[in-house]
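Look at the two complexes coming up: subunit A is in both, with subunit B in one and subunit C in the other.
Presenting the complex of A and B:
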């Protein structure tokens, strides 16, 4: 069977074309184009799924040159799962955005119309990052999505958003340069930029080790691991809601997935043990630190942004957990993927719901949202469904992932990490219940006599996509074997034990 | 002879470090920008020293010229005589300085210690260059071997120009001081020369240092000069026209990518026609790069308004 030449590049090129298209068409047709385009972009990932399911991993050479001269794309179960994840999240965000941004008058383009070109270009970049094998290409694509991200934050047009965008751009610049410096060293030492060729020749020489360290450092800044997370809360909290969902649900995940892929492609074979230990410790500290700060925020979107800092911490435990016990390797690896997907879906849904609350109540401060559950029950239900994942309660994907990590940490006797995983869940429960306590209590009439605001008209269907994203996190519970088998295709780790919770006892 | 060139490199390296420090020490942003432009020229000189004339051209045009113009335009809008706000506290500056110094030291030690002839891809590039449609190895890499990178890079420029667009404020930026007769005469005489050199730059990129990025930067120089001149006609263009101009390069590149799927994987040029495809893409990209950078210049100077289409 020969793969069609467009198979892997279509999910990248198609959204980019849509980016150009939505920039040029008349403004009043944008919403229709946004919806149709999002569905079509999501559909472009399906041939990839079909191929990987039937024929296994696929390698395609762009321009017909092949590494090391050209750039290669590579599809395996992991990248396919994340392509589907981006498709689902992107679909939800796009449908939400068509209702969230005000409709433009005919013949006049407003600032918010730029959401569509910037968002489709970001989507294409995200898909590209899941597929590319080329270290320099990763740099170019990261630049593309971080500059598009800056533009997306700026759409809000507020003073706070401009400051947040500047900060976001600064971190992106620094992180990008640090990563690029690392790529330069690795290229200098090995003479190739292709990940698979590099993985075959890795030796622990000072130049390669420094290069890898710089690359990982740059990516860690972009993934907002503690203590380089400082840029994230303002950027994610001050952007418009659909943009917060893109940045917190997708962009952070992408940066993390690159570290994850580089690490298991071969970095783990030469890195001194100190490195994974350090990443694990920083992850653990991040879980607690992000959680404590989330507990102290006075704005809903800030709570969610600090929650991202905390949740990203879990994803970095994998490096120290796989260190000690190869037998639990597959368990931890898959558990982390589940955590990443669950967090991406749940956090997008939560930000979309928060955006609704912010619009209807006029503000997202917790005092303004008091009693909002009475007025906006649907938004609060979406928030609750997302919270189940963030806390890690059954029957969510977040629970499955956390359960696998917990089991592995018992298995490898890393009691400290087990303690942090459990404590982090409690902390998440604390900062989210604090929000729900406010949302569900009726307004205190004595303290605030005139809290009755005229509700802003929001289209009835606006929360439907957010609800869908939140519900999607429950799919694996119903049908765990499919994502698991997908993940096994071309996986770099061995699944010596069956990884479904409960089956290994 | 060897000795002389070693001495030159040594002076250049020291000058770079010293100039970098001087730039950081400036009291006002304007002085710092001017120092930065000089710094960019010295960096361009060092690219020449390591036999990378393409990079040197780009560095001089974009790293020094365009960046400097953008920064000065932005400063003009903010008030030229501003001083830097109070320096960051030593608790921040010290660790940053030490961190950078440590990284620099580490890199120097590693590069000096384990330096043997870098593996690189030079040989394999020269083996394949005859099939690439370009006799200039740099153009062959940028527009054929790694055309996917360049496609995304052109996308970066478009997105950056769009981000500047999102910031465009209400009408009424700082009025431009009327230019003198000498400037007007210069502009009138130089406009065709700029166009000629731009086109030459694109064309020569197929054989010698040159190409879309350098040519586009040059074109944006003309764009900025025109904006400063007596008849800033690009300002009066409809936004729709500007948008088409901005997307021309990226759009055509994407179209080529989709069209070429019939010949193989992404951006596989048909045999014997690679040169034509590369030239068409390069010309479109040159125009778009020129327009993007001009839009950024206008945006930095506060001349982008939210009006035209509604008015037109």
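Presenting the complex of A and C:
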């Protein structure tokens, strides 16, 4: 069986073309184009799933120029799972955005119309980062996403958003330069930019180790690991809701997935033990620190943004957990992937619901949202479903991921990490229940100045996509072996002792 | 991997300039100075990459790092322009609010 040459490039090129296309077409056709384009982009990932399921990992070169000089794309179970995750999240966000942003008058383009070109370019970049093997291609695509992300934040148009966008672009530029410097050093030592060729020749020389350290540093700034998370809360909280969902649900995840991929492609064989330990400790501190700050926020979107800082921390525990016990490697590896996917879906859904509350209640401060559960039950239900994941309650994917990490931390006797995993769940419960306490409490009648709320500017269907994203996190419970089998395809770790809670022990 | 002495000098200068630029980004309060700092840091990184491109004492330099630098320059210029425009918007807004 020979793969069609467009198989891996299509999910990258198609949304990029759509980005240009949506810049050119008349404004009143944008919503229709956005919906159709999103469905078509999501569909381009299905042939990838079919291929990897039937034939296993796939390696393709672009334009007939193979490594070491050309750029290679690589599809395995991991990248396929994340492609599907991006497709699902992207679909939800796109359909939500068509209702969220006001409709433009014919022949007149407004600022919110720029969402579509920027979003499709971002989507193409995200797909590209899941598939690429070329270190320099990763740099270029990360910068593409960052610049598009800055534009997306600016759609809000407020002063806070401009300042957040400035800070976002600055961290992206610095992180990108640090990463590029690392790539330069690795290239100087090994003479190639292809990840698989590099992985085959890694030696712990000072040049290579410095290069890898710089690359990982640049990437963890973009993934907002504590203590380099400072740029995230303003950017994610001040952007319009669909943009917050893109940035918090997808873009942060992508930066993390690159660290994850590089690490298990071979970095873990040469890095001194101090590095994974440090990343684990920073992750653990981030879980607690993000949780505590989330407890202290007065705006719903800020709570969710700090929750992202906390949840990203869990993803970095993997480096420390896989260190001591290769036998638990598969367990930790898959648990982390589940947590990343669960967080991406749940956080997108939560931001979309928060956007609805913000629009209908006029503000997302917790005082303004008092009693919102009575007025906006659907949005609060979506937020609740998402919270099940963020806290890690059964039967969500977030629970399964956390369960696997917890099991591995017991198995490897890392009690400190086990404690943080459990404590982080409690913290998440605390900061989310604090929100629900406000949402569920009936408003104080004496204090309510006017009962005449502004009429709902949102259509009824707007929450459907958010609801679907939140519900999607419950699917693996019904059919648990499918994502696991997908992940095993081409996985760089051993799954010998890999047991999910659903499988017989 | 040993660098020719001349290239080593450039590489060390690149590291130094990178550190100076990074210090500017982190320590300066004013956003304009931060943006300039980011540019200085970019120059340092590119200088280092140019120096590393000479992989052998004699013989032509490796063109791949040059390609990387060209792309990096384009990214840095675009990001700088974007940040300067944002800073301009921000100053306009703040001045406008002060007037009212």
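Everything below uses one rule, namely that the second predicted complex is superposed on the first by the 492 of 505 C-alpha atoms of A that agree within 3 Å, B and C clash if a C-alpha of one lies under 4 Å from a C-alpha of the other, contacts with A are read in each partner's own complex, and residues count from 1 in each chain.
The rule we apply is simple: a contact is a pair of C-beta atoms (placed from the backbone, for glycine too) under 8 Å apart; a residue touches a chain by one contact, two chains touch by 3 or more.
Note that the coordinates shown come from a computational prediction; the quantities given were computed from them, not determined experimentally.
Of the two partner chains, subunit B is the only one that A:137 touches; subunit C does not reach it.
Contact with both subunit B and subunit C is seen for A:150 once the two complexes are overlaid on the shared chain. Contacts of A:159 after superposition: subunit C is touched, whereas subunit B is not reached.
Judged by the touch definition given at the top, the superposed model places A:17 against subunit B, while subunit C stays out of reach. Once the two complexes are overlaid on the shared chain, A:274 sits clear of subunit B and of subunit C alike. After overlaying the two complexes on the shared chain, residue contacts for A:170 are found with subunit C alone; subunit B is out of touch. After overlaying the two complexes on the shared chain, residue contacts for A:6 are found with subunit B alone; subunit C is out of touch.
By the touch criterion defined above, A:180 lies against subunit C but remains apart from subunit B after alignment on the C-alpha atoms of chain A. Of the two partners subunit B and subunit C, more subunit A residues are in touch with B. Comparing the two complexes, residues 69, 136, 140, 143, 147, 150, 154, 162, 181, 185, 187-189, 191, 205, 207 of subunit A contact subunit B in one case and subunit C in the other. Per the touch definition, subunit A reaches subunit B in the complex via residues 5-6, 9, 13, 16-17, 19-20, 23-24, 60-65, 68-71, 107-109, 111, 114, 117-118, 121, 125, 128, 134, 136-137, 140-141, 143-144, 147-148, 150-151, 154-155, 157, 162, 181, 185, 187-192, 205-207, 210.
Subunit C contributes residues 1, 18, 22, 25, 31, 34-35, 38, 41-42, 45, 48-49, 52, 55, 62, 64-65, 68, 71-72, 75-76, 78-80, 82-83, 86-87, 89-90, 93-94 to its touches with subunit A in the complex. Of all residues in subunit A, those touching subunit C in their complex are 69, 136, 139-140, 143, 146-147, 150, 154, 159, 162-163, 165-166, 169-170, 172-174, 176-177, 180-181, 183-185, 187-189, 191, 193, 205, 207. Across the complex, subunit A is touched by residues 106-107, 110-111, 113-114, 118-121, 124-125, 128, 144-149, 152-153, 155-156, 158-160, 162-163, 165-167, 239, 243-244, 246-247, 250-251, 254, 257-258, 261, 264-269, 306, 309-310 of subunit B.
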